[in-house]
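Note that the chains take the letters A, B, C and D in the order they are written out, and that residue 1 is the start of every chain.
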Amino acid sequence: MPIDAPAEVIANHALSTDYNVLALAAPAIAAAAAPGQFVMVKAAFGHDPLLRRPFSVFEVLRDDRGTPTGISLLNKRIGVSTDLLYAARPGQRVACLGPLGRSFTVVDPPTEGWMVAGGVGLAPFVALAEALGTRGVASTLFYGARRAEELFYLDVFRRLGVELVLTTEDGSLGERGRVVAPLERRLAARAADRPVMIYACGPEGMLAATATTAARFGRPCQVSVERIMACGLGGCYSCVVPMRHGHGGFHHVRSCIAGPVLPGDQILWE
Amino acid sequence: MDLSVRIGSLTLKNPLVAASGCFGYGVEYAEVVDLSSLGGIAVKGLFLAEREGHPAPRIVETPAGMLNAIGLQGIGVHRFIDEKLPELRARKATVIVNICGTTLNEYVELARILSDAEGVDALELNISCPNIKEGGITFGCSLTGTFDVVSAVRKVTRLPVVPKLTPNVTDVASFARAAEEAGADAVALVNTFLAMVIDVETRRPKISNVVGGLSGPAIRPIAVRMVYECRQTVKIPIVGMGGIAEARDALEFIIAGASAVQVGTASFVDPFIWPKLLDGIRDYMRRHQIARIADLVGTIDARARDHEWTSS
Amino acid sequence: MDLSVRIGSLTLKNPLVAASGCFGYGVEYAEVVDLSSLGGIAVKGLFLAEREGHPAPRIVETPAGMLNAIGLQGIGVHRFIDEKLPELRARKATVIVNICGTTLNEYVELARILSDAEGVDALELNISCPNIKEGGITFGCSLTGTFDVVSAVRKVTRLPVVPKLTPNVTDVASFARAAEEAGADAVALVNTFLAMVIDVETRRPKISNVVGGLSGPAIRPIAVRMVYECRQTVKIPIVGMGGIAEARDALEFIIAGASAVQVGTASFVDPFIWPKLLDGIRDYMRRHQIARIADLVGTIDARARDHEWTSS
Amino acid sequence: MPIDAPAEVIANHALSTDYNVLALAAPAIAAAAAPGQFVMVKAAFGHDPLLRRPFSVFEVLRDDRGTPTGISLLNKRIGVSTDLLYAARPGQRVACLGPLGRSFTVVDPPTEGWMVAGGVGLAPFVALAEALGTRGVASTLFYGARRAEELFYLDVFRRLGVELVLTTEDGSLGERGRVVAPLERRLAARAADRPVMIYACGPEGMLAATATTAARFGRPCQVSVERIMACGLGGCYSCVVPMRHGHGGFHHVRSCIAGPVLPGDQILWE
């Protein structure tokens, strides 16, 4: 059952002029959250902005004894609510409902976990990398952004023993170009290798490319999709994704309850 | 304290009803809300057949409101009866089924099928959805269409019949009267306002269907006025809605003339809203020494505070 | 960059017009706004005679909007011409006079008087004020009423005639067409939505007149849709308004089909809004390489993103 | 010309659970403000709440050299915006437009200045008391509130040499009852005395009683009225007060530009 916490802002670290990490006191949500799940956050009082906004659980925060105390969000400013979350101050409260949605399915060795992140699509992967690490799964993060300064938390992934494959659009760090390119090469190179589960989160085009590439190499792929959501609970049917079924048909599933993590090969990409 | 509300032969245990399209088929909320604690649940609009609705984006936020054009995605009446109704019954929900057709016969057919199903408590006729091209609102925007569909459904069911009116008309009260004359047990209003948001960067509408329906607090003052107008015109109960987000808002509709109210958009923002609304209403009744919520209905004191003055 | 806009024989230097009733007689704002920098000023609605309007409270705030029932307090056309027009002329304002009558003859009389006055640039016919009982909106809610008042005024003036339409109708585009057929140079829309707020503690309406008109950002998506519908229906220019608070909002109306826009409520919140709006529009035109604002009018790309799907 | 300042909150002192004093950095407004003028404040971003709210200029704040640096507001929580202003934190900005409206007419000796304040109606009187003091006018503050804890800033008035006549509804400080009672007695007692100008601010009923009483004793009375205001600049006609004129008639004047200070004897009280 989701919890609605009037979560206090514990800390707000600006990572850049667009990105910040917002730490929220929400022990019950933190204790229940699985990698890939999200929360619905209301950033302001009053009716403008009106609706909550969906955010992946970025980190599960813990006290010295390892007890979950809260969660953090990786926030990217793109509009009114994300602006407010960027400017949030410690002490302030934001309504935070969760954890919601279907999480990533965490694999076991010998299967490897390959994470593919584009920009703010990094958000679910700290938690996933931890879960993979706990199970002893060898993991790789393919992570692309516009430029070096927008590749965040690399040390955290390194500390978790995650192999990093980085790309930037301007070539300022890692390979120049899109993140799907090295993924594809790696898949091609290791076609006959150990089993791999691919996890992807990022812009729709990147997800489609990742899913298609994975399918081409016969690898399973879980993608976390992003849709505009009003309720996050299956009530409004705003967040649908067309999923193939039967003989060329499709149906619309609600990504808030059937997802946000969905099997990449079943999505009817535009 | 008596919170019960009568709609035709049906008694709701309290005036709070989940609005159609905003609460799935009810079962989605079973973890979050005690479904039996609600006055009723108006389930998502059902056609005879399954429908996939419009492609995303289906909603866009607006100042104090939102636009939606879901396109009535739904599982169809048969799967609803087989897959959802049993759970709703098991959870002791009061079930109001919102039905949509493209022709008069579809409404009649739906009414027949649902009248035979165990666990349906009332029919809400959606003749006001702005988001589909055929049927629906074409009935709701014509007085004879409204009259015809209500009387046709009336003939085939003993369930309470509650047509849901569109606010996109000049004189909503005349539609309430047509519904009353056709034998409706109550009228529900308002459905959403036809509206549009354009992304100026791409010059494309922000939702796939071009236009959609505006709901939420933004529309509340218009909806309250419409309920008030209908209250002056018809005798049957009114189910009021549009932007209710607090107990005070629900009370506004009741004082304007609604016997029951529905809450849609606000339950997206706060799915735990129901006990808060109920507590707020109880608290108000206590403070104002109102024993029965029915005694509050339509008690607005609307003497204009003064005539118009012209300069002397 | 060409920001000019043509309304009949009148050229506005830019598409930004102060909305009637929201900018006094213009002169009140002379300290705050360079009146000559506006595309135009629609002055407060004028009757032939002075009127004192309704008693306070005349407004109440609502979610992202406000209700008003001023009751068209005003100094009457003669005092306007004597006391305000000279200053407006001196300040080089483009003056659009919003006129109201209780009978068709009053509109005609007002039009005659104002046509003879030096410094009046256009007439806006207020046939849509929801806050007075006689006249006004009774014309605006009837197609023949709209046609009659526009053609009667048309006959007696060479000034551009711009009827202002009410949104409280089922099909606003049909009113735009009636106005066009009657010889209007443009239509302005929307006026406010009839609405109501009740104080639940006293059970009295929050404004003295019981009902009032809803304006502000809350109504914007409905107003944009209506402008879009009218654009599909008439050829004459449209003056769009309803909830514009940022350049982006103004652009939305223009892309939907408005040649000019008016701003009311938002200038209460920010009286210094005008240069900000203009800068925002200029910036947009620069980014999108639009040389003439007229080229942006009605350029919405409104192909529905998809047909409706039914399950396979 | 009014100034629109994106005023930073410098300090926020809670006086009680309902009242606070909010200090705003707004030098230009502070320099221009006259006693009884007001500012229009927007307490939140976004469109809900939408409109600004009118507040009297409570104190003009000055630096060590006496240069105006800002103003303070005496705020009483009664709804959404006043709640937000009660909760405002230093560093935050509120849009503040002013100074607006007609100020009190400050008299000269030998005329005395009698201020009559009910509750938050105290707001314009710190500034007025200072102005009267500067001119050497003997002044008295008749000040009523619900209870002792809601009589604020008494020391400030004492320091300014203002005689205090206090009333509380519960009798917890000063005389029990309404503030107009001692005013009336004083007027009766000093009917033949020096000239007096009466200044009043507070609830409508108190203003009407003060104005009527003053008129009965033939004393001039300036009242600061409170109306719901949308614009504060004469644009909307929402803030009207019916003023008598001619032969039993009246007209509606806009209290934001013709007031908020109006001659008490000309108002058509309900």
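Quick note on the criterion: contacts are C-beta pairs under 8 Å (C-beta built on N, C-alpha and C of every residue); 3 or more make two chains touch, one makes a residue touch a chain.
Computed from a predicted model, the values in this text were never measured in an experiment.
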#### Entry: Chains in simultaneous contact with chain A and chain B
C, D
### Query
Most remote chain relative to chain C, going by C-alpha centroids?
A
### Message
As a quick test, compute the distance in whole Å between the mean CA positions of chain A and chain C.
### Response
47
### Inter-chain centre distance, chain A versus chain D - centres from mean C-alpha coordinates, in Å
54
#### Entry: Whole-Å gap between the CA centroids of chain B and chain C
32
### Message
Could you pull out the residues of chain D that touch at least 2 other chains?
### Response
46-49, 250-252
### Query
Which residues belonging to chain B are in contact with no fewer than two other chains?
52-53, 55, 63-65, 216-218, 309, 311
### Message
Chain contact topology under the given definition, line, ring, star, complete or other?
### Response
complete
### Message
Under the stated contact criterion, what part of chain B meets chain A in this complex?
### Response
21-24, 28-29, 31-32, 44, 52-53, 55-61, 63-66, 68, 70, 73, 216-218, 245, 265, 267-272
### Message
Considering only the defined contacts, which chain D positions touch chain B in the complex?
### Response
46-48, 246-252
### Message
Applying the document's contact rule, which stretches of chain D touch chain A when the two form their complex?
### Response
44-49, 80, 84, 89, 91
#### Entry: Residues of chain D defined as touching chain C within the complex
1-2, 4, 42, 47-52, 95, 97, 227-228, 230-231, 233-242, 250-252, 257
### Message
Give the list of chain C residues in touch with chain B in this complex.
### Response
49-55, 62-65, 67, 71, 132-133, 141, 168-170, 193-198, 200, 202-205, 208-211, 214, 216-222, 224-225, 228, 243, 248, 251-252, 255-256, 284, 299-302, 304-306, 308-311
